[in-house]
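Two complexes come next, and they have one chain in common, subunit A, joined by subunit B in the first and subunit C in the second.
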Partner chain A sequence: MAKYDKKRMNELIDGTLEFYQLKEMMSSHKDPERFEIYREVLQERVSWDDPILLPYGLHLYIVQKSDGDRIVKCDCGHEFCNYKENWKLHARIFVRDTEEKMNEIYPKLMSPDPEWQVIREYYCPNCAVQLEVEAVPPWYPIILDFEPDIDTFYKEWIKRPMPTKA
Partner chain B sequence: MAKSQILAIDAGGTMTDTFIIDENGDFVVGKAQTTPLDEHIGLLNSARDALSQWDTKIEEEFPKLLAGVYSGTAMLNRLVSRVGRRVGLVVNKGMEDNHRMGRGLQSFLGYSYSDRIHINTHHFDSPLVPRKWTVGITERVDLFGSVVIPLYDHEIEPAIQKLIDEDVEAIVISFLHSYKYPAHERKVRDIAEQIIKKANKDIKVFATVDYYPVRKESHRTNTTIVEAYAAEPSRQTLANIDSALREAGTEFDLRIMASHGGTISIKANELARTCVSGPIGGMVGAKYLAEKLGLKNVACSDIGGTSFDIGLITQGELAINTSPDMARLVLSLPLVSMDTTGAGTGSFVRIDPNYGNISLGPDSAGSRVGVCYPGGGLDTVTVSDCHVVLGLINPNNFIGGIIKLSKEKAYEAVKKQVAEPLGLSVEDAAFGVIQLLESQLRNYLESMILGKGYSPSQYVCFSYGGGGPLHTAGYTKGLGFEDVLIPAWAAGFSAFGCGAADFEYRYDKTLDINVAEKAEYSDILMAGRELQTAWDELKKKVAEEFKKNDYSPEDVDFRLLYRMQYQGQLNDLEIEAPISAFHSVDEWESLIKTFEESYARVYAKAALSPELGYSITGAIVRGVVDVAKPQIPQEPLYGEVPPADAFLGEREIYWNGEFLQANIYEMEKLLPGNRIQAFSILESTATTLVVPLGFEAYLDENRIFHLKEL
Partner chain C sequence: MTKLVTDVQQKKKPIGWDGKSLKQMRKEMDEISKETGYYAGLRSLPFKETDPIRFEKIYSKLRGGVVHARETAKKVAASPIVEQEGELCFSLYSPEADSIVTSTGIIIHVGTMGAAIKFMIENEYEDNPGINDRDIFCNNDNHVGNVHTCDVHTLIPIFWEGEVIGWAGGVTHVIDTGASAPGSMPMGPVQRYDDGYQVTCRKIGQNDILSKDWLLESTRSVRAVKYWTLDEKTRIAGCHMIRDLVLDVIKEEGVDAYKQFMREIIEDGRRGFVNQVKTMLIPGKYRQASFVDVPFKDLDLPSFAKLNTIIHTPSEITVHKDAMLEIDFEGANRWGWHPFNATPVSITSGIWVMLSQTLVPNDRINDGAYYASKFGIPYGSWFNPDDIRSAHSNTWHALVAAWSPLWRGLSRSYFGRGYLEEVNAGNAHTSNWLMGGGYDQYGQLSAMNSFETSACGVGASAVQDGINHSAALWNPEGDMGDMEIWELLEPLIFLGRQVLPGSGGAGKYRGGNGWQSLRLGWGAQEWTMFLAGAGVIATDCGLMGGYPAAAGYRFQANKTNIKERIAKRLPIPLGGDVDPDYPTFEGNMEAEVIHRDRQAVSTQEEFVDYDVIMNYLRGGPGFGDPLERNPKLVESDLNEKYILLRYAEQVYGCVFTEEKGIYTVDLKATEEKRKEIGKRRIDRSVPTKEWMEGERTKILNKDAAIQVRHMYAQSFALSEKFTDEFKSFWNIPEEWMIYEEELGVPTLGAHINRFKQKK
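Right, the complex of A and B next:
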């Protein structure tokens, strides 16, 4: 069974692996230790000590607070809200809803018609990193797209105790 | 004292193997390190090593050799590792990105089924010709061969000059539908050659119509690029090998194994087809052996360490795939058609963590055998480990004892990785793995034969390769083959096949000739003339190739073939023409008759659809000249009881729930006429034949085992 070390996980996150290495990882059965090593590597990369329960996006994590709360938190340490709430409503949102704004990122005439589709970009209010991008019809609600059942995941899927410290 | 007859060379990336076959079909194998800069040094070392086993020397034996056939991986390596020549590409203006983007399926060619449906694993290799060395020239020819846009002459010079300025070493020209209208490509070729000459440069120009005048532009372009990129650089290497062999006393013309199943001269115009020659050696050997034995239909099966290859010989002919792939590129080369699945004796055995069942391969240990080979440094169980656990492989006599295997290591690994997770005894787990492998191979073999419209009962099964005979009983059980044959020289069968290959050129050309069911005579004559013109053109090409080795056209046995289908259907059939030339309507009738006979055999008589009319989609010419070939052994018959000195003793093995005592024989010492009962294991240096319960093996006068299900 495949086994990878922390160095490999760091390279995976940084995107510095050669394609053949990635291909080998994708084509093998998933290594049973993967989640734990991956979580540890993510934890080492952040400056705060709340234990990470689950990666939640490119820069977001669900972390365990000492008071028992589970909070969505950014790389930089900015805390959004409880993971059952919609973190997007606490982010800075930039909506590209005019041709002019579209043309900043698309060649002319190659972007969607803003009457039909807009691009919503979510940013961290603290460090301004881009957290999420959606291409949706203008009237579309801001949806909480991921509501994990963390307890079941730990208890029944990976059969491990929940991390209690960083 | 052996008398060497045939030299077969297999120059791999690391090792060069030479097989020297004597007049009895016996052979020795020599090994030496490949010397990539001067391949002939490694080759001669390897031959020296081989001949030392017969206590003789190159100086003694080389002058006796009647033929020599080379196959090597240098070209393929050049392709795979993208270290070929700097090639420039001329295409239709507006099509410059086509080669770079490639055909979609090239992103998953060679992948396992699970990876093919997992799109994240799909990946395009870097193109052979980068975009900056691709130039466009305006012209357009439609699929009927009519000029829609004339060639823009004034664009030729600047385009070629740009490639010269980029310092390319070769130029490939490929226009859409050029196989229907070659004039534009040829004009660009001629002008390019003039410009190159004027610039005083040494750049060879390849127009696709001069090499592969066939439909499918990605295939045609890729193949011609491969010719310029990877094959052309091998010419000098081959010439050096040829002259080194001649200096060592040989008098034959060195030939190379080519994808169409024949061998060609090292001076041949098209060398790209020698890129893929390794695995077809066995098929060619099987065809030769089948001819000698008078068998018409043969199913060939070959298990090596990494794959299971199967192919059919039907009515004495190898099937040809005209658009195969290689090194993840679609090509238009005629390749002996074979089906391959990634299951061999070196396949890794794992328990799927999601479902808890055994999964085999698709990756394998290759030369590292398995956990049982301490030098291999592996820790995942392979099929070979299971053989060692069951006692089917003698750990002290693997490859003639060169490698010592550890039964303890295999046992521990199978126990920990397979038996314990499944809750089975170690022996049952190992037996289960073998059964799983064999039933996969059996299904694969059966579905391949049924899928082509035939039934196993019409075929004799040949089994060869290092791992084949170990599993033959298992994967042929219950399929009802007419007979199951295992040549005693199974392990070297591929090399034997290279030595047995014809000296043969084959050239293809795409045609689009449509004739209605009840056509006017004038239409039929016009169609016939077009077909005959194509045959004449290809015959000339073949004759020119043979001229390079001083054969005159009278020495060549020309065989004309055509590809035909009902109009509007998707698949054509390749058929040998029953006529020697097209003269009149009568010949048309016999072309139709032969096509319909073939069609009825492959599909069904009820499917004949003459009302659709006929299409001739291609013309093919094959030219063959006589060359020396290895002899098939012919020995007197002895009694049914094996001689005492062939018996090596007994060994405990585990089979289907019980421990048994198996008789062990030395394969080479068995005599023709011997009948070997179950449970027996016949050991040879590089292969092992298992005769399990319910089977017996009979060795005939040609030293071929017949494995019979009782």
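Right, the complex of A and C next:
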């Protein structure tokens, strides 16, 4: 079974691996220790020291605060909310709901018709990175994409202690 | 005492194992599997555990043989859909119709052919019309569980010493099924009775010979007869190869070993699936939704079908603690008078097609995975219609849209666990479908459906761009086909194929680009053409900051002056419509009618020589914020014409210098420009909760286009849970509601309605 070190993990995260290396990773049986190495590499890359419990999305992490709270945090340091809430409600939003706004992203006719569907962009209030994009009809409730069962994951699936420090 | 006719009728000896009927076997298998949680109640796998080499040898023989049957049999076909695109599949089943091994190809039909065999078992075909050695059965009935009418199944029982030891099934996607419009996935059907020639699990041959009445009736019921006929021979050839294979294995290994093997391989498949879920995923809930347009208001259709609406497919994946994978589609809206409806079997089988490309990417695809999963498909919804009149001819319009977000949901798990190489932002909506029919360039009554859709753009991953113009979700062996072959078979000359810049969704890693082909009518008589694709909607989101792939549109020109322009050696439209903001096709011809709009579904229009129609094959969604894309990759995209200059500048925030048509990115200026775009984002965005107040007011005022209100009204009528969640999210008062009846659009066929049921 394949096993990858931190160097390989960093290259994977940076997108610098050659296709043959990625193909090998895709075709091999998955390495069970991947999560821990990946988590450690991500922890080393952020400037803050709250322990990462789970990478939650590009730039987003569920971290453990010293008071026991688990919150969604951007790698810039911005803290959104408890991980059970929808972080998008604590972000900034820009909605493309006119042809003109759509045309900034897509050539004419290649965007959704804003009468049928709008594009919602969610930005980090601190670093302005675009964290998620929804294409939904008007009125659609903002989607809570992912509610992980972190306790089961650690205790019963990977059978590892929850990280307590960075 | 008087005896009934049924009492004196001589009952045939049951054909199942140990004196049981197939129906008894099916019932017992369901009961024991449900009761124990193990397929066939197998808590251990004694054969596999005690003699693993022999076990694997049997598996390899069967798997290799089934794949070989597909590869060999497809050479019988003449249809480019089958022979070029590989739109066929074979599978081997247990006597109760549980799949054991399957070939490559359109493996959605592992489930649909299983459903057809189960239908025969449930309806006691064993007694009437009888199931005998060397019988041949055919099915393509949508409501039995097929995907759509053009997927025609051939099913044959395999006997060993008087008992059914299994079934072989083969399916091909035929070019035409005699529907109200030509082509395999026609636009026009709005009811089952428009969908074409439907055969309900019919015995069509005995002693390995097709019945003459079948041959005459079936070939008089469809267009493109030669393709239909050769497709059937393909399916029969493959099934017979599989039958021979199974009998050889039994001769070599013994029937008891084969019987034990077939039980254990399915339980092994179940265990393998559970193991993959635990290895790859994170327990929890994943939510997503897809939307696809039904812009039928102005089409030439019956009045009750003429409305604009949106097919809504929310999905919630639950990965349970015990690794059970559950997918619930609560909130999906109603079936309708359009050909985009589906059956539960087609959506669940299709989900296995998707999973086999991501979560379980191995050759152990069998019904074991089915026993480790659970689906919630609302009755009365577009993929579980409560009315046999529903049409299904172009079910992929909605199915593809519904599946793509599931892959996106699973990708959140892969991302969380560090399996970044497995992340996929979603899939292209595989359209437009370019279809037509009439008398072709050879004077034959024929039909066409361009399967260039087999090569759409792939969604981006977390580590690389999606592959350009390469694949389709429904057939892992995507291939756009050779132009020369299409031209041989279709009365349409290629005026070019060209990548469509910006059709893949923008992102740190962009979606694979789609492309366009331009076709010129040539040589046909009494020919009609039409399109089917998503036009006004992007059918999936991007992932983690990436944008959705571009939506679709149509271009068609009728009664052009291209003939005269060729004679005068003037320019004519060629290649793709690479920048629709600045179109060039119209500048190189005149035409009496030009359709350049978002109406990407159309009904038949006469199409003559020198008419022009464009096919647009979609791109895939993007991953991550485009401002984080490596500027050198943007430069490369620009120079290779995968993106237009103004979008390289405004979406990716890159600054270029240009010399002799070659662009070079200015890294320092790009860094500054990206900072400016970041500032602009903050300036023109608002806190989400603030924006929600305005959106809530719009909802209270019912301020939205009618198709949007109709979509919600249908979901509200079917689902209390969706309604409650909607109202709770927006803090909408109890008395607020939208009813289908108040919208002034047709409501024929809207039966299930919890508001009416309450009254």
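Going forward, the second predicted complex is superposed on the first by the 166 of 166 C-alpha atoms of A that agree within 3 Å, B and C clash if a C-alpha of one lies under 4 Å from a C-alpha of the other, contacts with A are read in each partner's own complex, and residues count from 1 in each chain.
In this text, a residue touches a chain if its C-beta (ideal position, glycine included) is under 8 Å from a C-beta of that chain, and two chains touch if they have at least 3 such contacts.
These numbers come from a predicted model, not from an experiment.
**Student:** With the two structures overlaid on subunit A, would subunit B and subunit C clash, or do they fit side by side?
**Tutor:** Aligned through their shared chain, the two binders clash on subunit A.
**Student:** Which holds for A:Trp139: it touches subunit B only (first), subunit C only (second), both, or neither?
**Tutor:** So A:Trp139 only meets subunit C here.
**Student:** Identify which of subunit B and subunit C touches the larger number of residues of subunit A.
**Tutor:** Counting residues of subunit A touched by each partner, the higher count goes to C.
**Student:** Considering only the touch criterion stated at the top, classify A:Phe19 as touching first (subunit B), second (subunit C), both, or neither.
**Tutor:** Both subunit B and subunit C are touched by A:Phe19.
**Student:** Let me test your reading of the model: by the given contact rule, A:Glu115 touches which partner, first (subunit B), second (subunit C), both or neither?
**Tutor:** After superposition on chain A, A:Glu115 lies in contact with subunit C alone.
**Student:** Look at A:Pro32 in the shared chain and tell me whether it touches subunit B only, subunit C only, both, or neither; answer first, second, both or neither.
**Tutor:** The answer is both, since A:Pro32 touches subunit B and subunit C.
**Student:** Subunit C clashes with which stretch of subunit B: 112-120, 418-426 or 688-696?
**Tutor:** Clashes with subunit C appear only in stretch 112-120.
**Student:** Do subunit B and subunit C land on any of the same subunit A residues, and which?
**Tutor:** Comparing the two interfaces on subunit A, one with subunit B and one with subunit C, the shared residues are 19, 26, 30, 32.
**Student:** Taking the complex as given, what residues does subunit A use to touch subunit B?
**Tutor:** 1, 19, 23, 26-27, 29-30, 32
**Student:** Inside the complex, what are the residues of subunit C that reach subunit A?
**Tutor:** By the definition above, subunit C touches subunit A via 278-280, 282-289, 291, 293, 310, 312, 319, 321, 361, 409, 412, 415-422, 462-464, 501-503, 506, 508-509, 535-538, 540-542, 544-548, 550-553, 579-581, 596-598, 623-628, 630, 644, 647, 650-651, 678-679, 681-682, 684-689, 691-692, 695, 698-699, 704-705, 707-708, 711-712, 725-726, 729-730.
**Student:** Taking the touch rule as given, give the residues of subunit A at its contact with subunit C in the complex, in rising order.
**Tutor:** Residues of subunit A touching subunit C: 9, 12-13, 15, 17, 19, 22, 25-26, 30, 32, 34-35, 37-39, 54-59, 88-95, 103-113, 115-117, 119, 121-123, 125, 127-149, 152-153, 156-157.
**Student:** Quick one: in the complex, what on subunit B touches subunit A?
**Tutor:** Within the complex, subunit B contacts subunit A at residues 112, 114-115, 118, 120-121, 123, 350, 352-354, 380.
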